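Per-chain residue numbering starts at 1, and chain names A, B, C and D are given in the order in which the chains are listed.
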Amino acid sequence: MAPSGVEKEKIRSQDIFELDLKGNIVRAAKDESLKLTECAPLFMSAYELRDAGAVIHSHSPNVVLATMFAKRVEPGLSVLEITELEMLKGLAGHGYHDVFELPVVDNTARERDLTDSLRKAIERYPRTCAVAVRNHGIYVWGKDEVQAKTQAECVDFLCEILVKMRQNGITKDMHPMGI
Amino acid sequence: MAPSGVEKEKIRSQDIFELDLKGNIVRAAKDESLKLTECAPLFMSAYELRDAGAVIHSHSPNVVLATMFAKRVEPGLSVLEITELEMLKGLAGHGYHDVFELPVVDNTARERDLTDSLRKAIERYPRTCAVAVRNHGIYVWGKDEVQAKTQAECVDFLCEILVKMRQNGITKDMHPMGI
Amino acid sequence: MAPSGVEKEKIRSQDIFELDLKGNIVRAAKDESLKLTECAPLFMSAYELRDAGAVIHSHSPNVVLATMFAKRVEPGLSVLEITELEMLKGLAGHGYHDVFELPVVDNTARERDLTDSLRKAIERYPRTCAVAVRNHGIYVWGKDEVQAKTQAECVDFLCEILVKMRQNGITKDMHPMGI
Amino acid sequence: MAPSGVEKEKIRSQDIFELDLKGNIVRAAKDESLKLTECAPLFMSAYELRDAGAVIHSHSPNVVLATMFAKRVEPGLSVLEITELEMLKGLAGHGYHDVFELPVVDNTARERDLTDSLRKAIERYPRTCAVAVRNHGIYVWGKDEVQAKTQAECVDFLCEILVKMRQNGITKDMHPMGI
């Protein structure tokens, strides 16, 4: 896992923390001033609950905007329902006519305080490969780093289209996700 | 032709399938776990019906959004009519004042199930160098790989402008394609 | 000047045509199949009428969209009036509070048929460093290739902002160019 | 500090001016035709009033558009209030639920004439790491060049989201910054 609060594009291999599956640090970054990312318990949730091999966290503007359209399910939890877009086929277990339910949890002041709601969302939406965080970003996982990356690319593309559909006034007779 | 379901940016020459003009695999990818792209019969349609030398398939967001505006012609088939944009001159057989008719076929759960409607669209629109697929993407061809690429660039540019015209509320007195 | 109808990103120095100031070809491209760009008389107009040292032609989507908002002045000629944007200072002879008048001529089926209207626009708008072509693109010039490039960058930036202002519903009380 | 009116992407180390903390030129650019940037007194204001170690000036389209939405506070001064976006945590001294107040001063014909209003804005908004200039761009600082860059990235991201929220018709029940 990456260190916290650094310029991510400058991370070197010696800056990475190695953890065991209980979340204990096995090998810390060489530079002792570096601290483990606050996302650690969130990443661990996907490893534990979904047997993930890799997890990606992003602040993609496409995703951040899409979370604002998410439909409220209950306090703290919303959902984006995405259907009839070819890129759905890129998501494990989904086809073109399926509805991909992307859970969106409310954001919190501290990243680690997202853990409970993220775990509940993972359990409630057993088919999802991602949990978004309102006004914040997304956690996406896969069985290995290749699948985590392709899932992240597909979800990002889907959110980009969702936002642009809205920008372009696509109505329900033009697409089932229209406004 | 490319293998199916892989990271396209990592394809090496040994991963490519070679086919004869009847669609039979002449030389498979070295890695036996790789499968031929599901688009094979779609690519073959352009080789057969249009004497194409190269075909490109893309999931361009510009095209995906533009397909949502396409006008219904009959069940399963729509059309985008594009006119009075300089980039039309880049399309073989088209001038600035011509109307480029881009057929848009409905998407299907399996890519190979697009073959029939794509072939019908190619036959119905003999001047087109491309068939789009609603909520999915586009197939574009040319006499060789250079022309296929320039046709793909022009169609993508035209779809980008079409989408942005709509975003900007361009009305019919501002441009004949206005809303 | 560049050859016509080729992939511009692959042009090599031996593909360039050299012309004298009367527009005669002094040295043709080595490859005899290459033809001189149809823009030649348009480029020559800026060399003759404005003593330009370099001229750039682009199909920038920002510019193409902005031309659709241009105000009709007379048949065949429109104008974009751009003011109170810092990037105006980058245009030779313009300050922040000035109104940059960018003439926009109607497009024609053949590029060379733009020559008359472009020359008239250059004469009518003596302070402009560029003439746009409706639904097509722009010609921008400068005293040398560095200035031509910076003028092209500034005009493109101004058109990008103009289009995005419209997309964002900027009203006249928010900016004098608002809607 | 950089020289004025040059192509910024071509600046070499010998083109940079070195100044002392009183704003006097200690070492000029080697090329005597180069003049010190007009922004010098603006950069100095952040060094003096905020103990900055580095200041960045940009003409980001995201910021330029966002300034047009800024709420008028008094003649010459407006403010953008940004809240409930995760990227706020990247700004020194701000959390997710805080309101980041980004002062926006009116633009002037000459860059150096911005100095007074920029200094007043810095004093009035002691928590800000940036001052934007209406229809122009932004000045962002940090304790060193790394922090100045990360602050500039965060402010730019926030302005991008603000503009796209407006483009997408995000209402107040979807986000507190909605329209």
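Just so we're on the same page, a contact is a pair of C-beta atoms (placed from the backbone, for glycine too) under 8 Å apart; a residue touches a chain by one contact, two chains touch by 3 or more.
On a predicted model such as this, the values are computed, not experimentally measured, just so you know.
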Next on the checklist: Give me the set of chains touching subunit B intersected with the set touching subunit C.
Outcome noted: none
Item to check | Interface composition of copies subunit A and subunit D: same or different, split at half | outcome: different
Item to check | For subunit C placed onto subunit D, the superposition rotation in degrees, Cα atoms, nearest 5 | outcome: 90
Checklist entry - Where the CA atoms of subunit A average out and where those of subunit B average out, how many Å apart are those spots? => result 31
Checklist entry - Once you find the CA centre of subunit B and the CA centre of subunit D, what distance in Å lies between them? => result 44
Checklist outcome for this item: The positions of subunit B in contact with two or more other chains are 167
Checklist entry - Touch graph of the chains shown: is it line, ring, star, complete or other? => result ring
Item to check | Chains grouped in pairs wherever the two touch, ordered by label | outcome: A-B, A-D, B-C, C-D
Next on the checklist: Taking the touch rule as given, give the residues of subunit C at its contact with subunit D in the complex, in rising order.
Outcome noted: 84-87, 95-97, 146, 149-150, 157, 160-161, 164-165, 167-170, 174-175, 178
Checklist entry - Which residues of subunit B touch subunit A in their complex? => result 7, 59, 61, 64-65, 68-69, 107-109, 133, 135-137, 163, 166-167
